[in-house]
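Several structures are given next for inspection.
Shared between the two complexes below is chain A, which pairs with chain B and chain C, respectively.
What follows is the complex of A and B.
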């Protein structure tokens, strides 16, 4: 009797130690992550300083071509007979100057002011019809957009400018040691040969800048403005600094909505990720274990839920679970009182988590089934010969295998669940409402709240701020857990 | 060979990217006079009907060319959307009268040109004329009037039984619930407070300084709501559940507005019937229930490129002929005086009942302060009904809401 209770207490102490250890390690890497930031920043700063030093030294040590290229782009190329290349640089410089003179400077100034003339209206008495005449003012949104474009153009120009100096220096150094500078034809040929990757990537890179980076900067900047329904683009919005962040994180009406929503988002992400994962693993183990007949049929049954589009299952579930839906009707006939599960926070939360199981388990089951079938059987055989029990074999062979392969999957799932818009939006729409203000309900995630802030109430600035905060949370969590996962640490171990 | 292929692919990608980029730029605005690109917002169920009206408008103006974009945006949110996205919102939009204050305060709606004043001042019923006005200036073109009434299943309830809420609740219908309504929505729960005598922004809802909602009348209404909460045959049913509940015979009657006509008609089929709101017993006296009423109007976006044409179009969409189409097609109660008089005996049930109920209503105030009424009041009265609000806390809660309405 005492022996077994001793064993149990030792087991629990062991588990407790493990959990404590995990948290200790997590804490350590968390602190480590932030402790490394200053060092990294210092390194970055040193690199920039080095760049400036080189910039000055090149001017001092270079020949006339190099020095001229600091002012007239392409001089370095002209000096060594590269006419076409030089003309290209010169053209870029002229175009840039023209753009800045006619448009760029105005755009940059607009980025600072975000518009100064505001919309006004007056009655046109002369028209006789009594029509109100609307004189549109500056459109702050366009000012912001053109400003961002101008900044990107300036940065691109600086890059080309530095490239020009670098090629001038290279030409100079080549001439010193007697190497002939490359001709235009050679340059073009190298683009098809040694530098073929540049030729291929240039379009992709331009696409990323125009369609991803530019909108991203634009959206991020909105978080620092007062662009909301009270300050739409036509009546002009302006910069407010970190006011939106303070509003969300400080103590007021907004933060009393933000923190509960954040809390539920994290609870939801943990429940949705780990329940789906472990139940999926359990199901896979069950189906995969010896003595189960018709494994393929069982797998098929569960995979069928994937065959139905997710939104269809979700909408079906919603109407099935509703107050006058079939499930409630059945319960009423069995003598239970009729209740609206979507009306109270706790039951609505339970519903979204359990319906999400229906949608999520088949995926993790599929993935783990694949892994289970690939674990070499001789490992189990030798373990059995050494006298290991079933539980021990699971803990020492199966689980490490599964965790090793699915670690990154688990992290992406967690992040995906923080931003799981579909399940919440289609099942509850964020409701029940009432406990929280600002358009958020008891099952609202940060993303669904963000959606209602942009689509229903037009609070673009707050939505953007929430987006940024969500990104910060997601990136910190994934960076730390990913660096700690065994897939990264022991990458070479897996055969 | 491989390299040439790769470069070709890259060029194709670049080309399609340029194409899609140019495809995104907005279509050329109608340069020559007489060509109009107009965006119109209407409710989802109205889309076909509105498209037909626009076609008629084209026929009436053969000299001009029109490129229509009809989008469905609910009348309850159209105003908010026009305020928050002024440049991409519709030129002409349909909205509910209680958003007018916000639209005016945010410079989002164009005032009605003087030439259309008379169509509003002289040709509409008085409540519609009031709803079209804000700060003594006409801003929109009214086209339908609505309030709350009772839908019931005439197999389960007789016309006599629906005259009083007490009789209705005690009737032996065989249904799970005799009557249901959305008790989480202040639009419906305020009925009990109004019936008990509460006033919101004065008797006609037009006096912004007159906020007295934390009084004995409101408390009496709360008491009635709390009593309803303990009646087994009365239940709160969310709006999206109501049609199913009626169809399956779970509930025999529902209190709602004309926007549910189509759904309930399909749900009940031949058992469909409507009546004005029943009476409730207050202080031993049968008192007629008083509901909110509202007006739907067409407004013109202040940022439109074609103010004159849009005003003309909005006035057209709200004119006698189009109100008549709405009356016959969708059972919308007209606001045109002449048509309203005809509709009283038109045989269109939902409209007749709206007109009967009309004298027991309060127009939804258009003041922006109302944004601090709907949600707090809805949550509070929902709590009263569910008994999560103790009777001793009612006065305090009402005072908080009152302070919110006064802007404190």
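What follows is the complex of A and C.
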């Protein structure tokens, strides 16, 4: 490797630089993000202030249509003959007023109080002595849900309201310079052409708002309440501020469960991600090495496990490794004592990691195989001319190439593994239990603990708090790595 | 390293042969590790104890069943709820396939081809949402469904509808891979069509979609197989309503019971085979698209 002007070494230098730059940017982007927060906030504030200024100026400078549209939505459209559009705006305004009058105001108030009547019992003297009567209180869960919906409705209405003013102003300006306002037909047509993206986005994003954003806001709010097994929804719960976070992170019973679980989650995510990855790369290299026959057959053997639904292979592994499963039977026949591997923490953890290898290696093998076939062969040619040995070529060409291409995949895998519910829950259920309290076991991840806190014990507030903490961990990991990575920065380069 | 090249030809050959056979040995051992559990599953689905048609082989000291029967399959389809579960899952996954693919591709097309004010904001929202544990929102979703009468103690078809909505509702967030694909389709094609007077929706339907077969197949395959493998969402929404179970939930309940009445174990094996075989065939047929989908996104990322 002496010539500096040949293709191969230029490629190495390039890849090396890129990888080094990637790591350099780690720290810089992390610091940069926090340094940028004040400027971004300032920008945001200025934008809002500008909005208010424009809001006032439009009213002062606009015609009657614009001014009326501040009070009666759609006036600006009516004034310029856009009947359907105007009716639409008007209908939205009327619906909003009706909603607020009959439901919305109450819902917003309920969001503050979360219900004022708590469950209580009293002894009814009329029915006879000692007869207890249970009076259910307000269902705080519903108060919270309706409150969040009301807030979203209010924001959506404000957006439509501003849109109404904007279109009134646009109509006014058009009429000043003598442009005819667009007809309803034209508006509809532009929805399939210039504004096609709005149509597609609304359709695709509606589901996201209902099934992801709304529930998430709701659950984030739950983390600040005392909605647990002692305060179920029917007896009413209230706001408690940061109490749950303090409970989990401070020093007491809960935090002595939280930190071990967090520790194991991180150990697990590292093992599961990197072991799977490197062993998968190794397997792909073996299969793709020169002169090995039947590459397709070998690949098929491993790919089968990808095709089979994960829950099948996980439950299968669970029963194979169980106390009376075939593997134990075989060991007993060979003279080993019968043991239950799922009962001790260390063996259960080992099982979880190795079964995950069984599931995960084929994925990285498959991906790496695809990449290996795409490495430009002339790189190897010129390296060979330079006299590079096989090992050197692997170290200097193959490995950097694979690492470079699969970098983003590795990050998503890591985050996926932090939230890997299936493998843990279907194999061990989080057990063995006993070392930790609060329903967490030795193999529990944060996310399986979250599941058992909601599904088994009804401690929703703690579950939500854990969810938020998991989010913080994931976002720190990806903040460090995603920002400045080529995927978000250079997206225009590929077009 | 230089000495290697000066060795005699025979030495080189022998070394190569040794390393080759070492690779073959490793590969053989590994593929046995990977294939054997699957074979064992299939054998279990046919296995029985002698003289007792429904006596499970699970827990018997033998590693392989001593007798074979098709009784488990007969029982599976005549005496259990498995056919219903199978049909439920099929309906859900077909509906999800259509809806999710449509949502995902729409989002990906918008993000790849349009530049508008809130574009970056929406992308960032998508990134942020992806970092919350998916299950976290489940409790709230359950209450929303309860509120609109699709969960709790309701008819089976309503529960199935609820599952379809859960699986496909947030599909747009998974637009990233398809966007990477659309980015590679040359923009000059759209521009030429635009000059010829095509609207954006025509460009999408008549130019982008026909050129995007690999990514359509990939997205459809992924969203079709997801309901077959999902356990957590389905079990949380369906609770004890066994008539609306998907195969994953139903079979899990069997194996969770298997600690006690062992006959469920072989039924599980038979059911698992019935689930795995069609999915596996589908997957192997479309494997090319799968690899293209993953690496396509990665290579471009």
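Here is the rule we go by: the second predicted complex is superposed on the first by the 391 of 495 C-alpha atoms of A that agree within 3 Å, B and C clash if a C-alpha of one lies under 4 Å from a C-alpha of the other, contacts with A are read in each partner's own complex, and residues count from 1 in each chain.
The rule we apply is simple: a residue touches a chain if its C-beta (ideal position, glycine included) is under 8 Å from a C-beta of that chain, and two chains touch if they have at least 3 such contacts.
Please read these numbers as outputs of a predicted model, since none were measured by experiment.
Q: Answer with first, second, both or neither: which of chain B and chain C does A:192 touch in the superposed model?
A: In the superposition, A:192 contacts both chain B and chain C.
Q: One more residue to check, A:84. First (chain B), second (chain C), both or neither?
A: neither
Q: Give one of first, second, both or neither to describe whether A:270 is in contact with chain B, with chain C, with both, or with none.
A: neither
Q: State whether A:235 touches chain B only (first), chain C only (second), both chains, or neither.
A: first
Q: I'd like to know which partner A:101 touches here: chain B for first, chain C for second, both or neither.
A: A:101 contacts neither chain B nor chain C.
Q: After superposition on the shared chain, which partner residues are touched by A:343: those of chain B (first), chain C (second), both, or neither?
A: Touch status of A:343: first partner only.
Q: For A:315, is the partner it touches chain B (first), chain C (second), both, or none of the two (neither)?
A: A:315: touches chain C, not chain B.
Q: Between chain B and chain C, whom does A:162 touch in the aligned arrangement: first, second, both, or neither?
A: The answer is neither, since A:162 touches no partner chain.
Q: Which partner does A:324 reach: the first (chain B), the second (chain C), both, or neither?
A: Touch partners of A:324: chain B and chain C.
Q: Between chain B and chain C, which one contacts more residues of chain A in the superposed model?
A: C
Q: Go through chain A and flag every residue that touches chain B in one model and chain C in the other.
A: 141, 192, 196, 199-200, 203-204, 207, 210, 324, 329, 332, 460
Q: Which residues of chain B touch chain A in their complex?
A: 3, 6-7, 10, 13-14, 17, 21, 77, 80-81, 83-87, 106-108, 110-111, 113-115, 176, 184, 235, 237-238, 240-241, 244-245, 248, 250, 302-304, 307-308, 311, 375, 378-379, 382
Q: Quick check: in the complex, which residue numbers of chain A touch chain C?
A: For this pair, the touching residues of chain A are 141-142, 145, 189, 192-194, 196-197, 199-201, 203-205, 207-208, 210-216, 218-219, 222, 283, 286-287, 289, 291-292, 298, 300-313, 315-320, 324, 326, 329-330, 332-333, 358, 362, 366-367, 369-371, 374, 389, 391-392, 405-406, 408-409, 415, 419, 421-422, 425-426, 446-447, 450-451, 454-455, 460, 463-464, 467, 470-471, 474-475, 478, 482, 485-487, 491, 494-495.
Q: Which stretch or stretches of chain C touch chain A in the complex?
A: 1, 4, 16, 20, 23-24, 26-27, 30-31, 33-35, 37-38, 40-41, 58-59, 61-63, 103-104, 106-107, 109-110, 113-114, 116, 122, 125, 127-141, 143-144, 147, 165-166, 168-173, 175, 183-184, 186-187, 199-201, 204, 225, 228-229, 231-232, 236, 248, 251-252, 255, 258, 265, 268, 272, 275-276, 279-280, 282-284, 287, 290-292, 294-295, 298-301
Q: Sort out for me which residues of chain A touch chain B in the complex.
A: For this pair, the touching residues of chain A are 119, 121, 129-134, 136, 139, 141, 192, 196, 199-200, 203-204, 207, 210, 228-230, 232-235, 322-325, 329, 332, 338, 340, 342-343, 433-434, 437, 456-458, 460.
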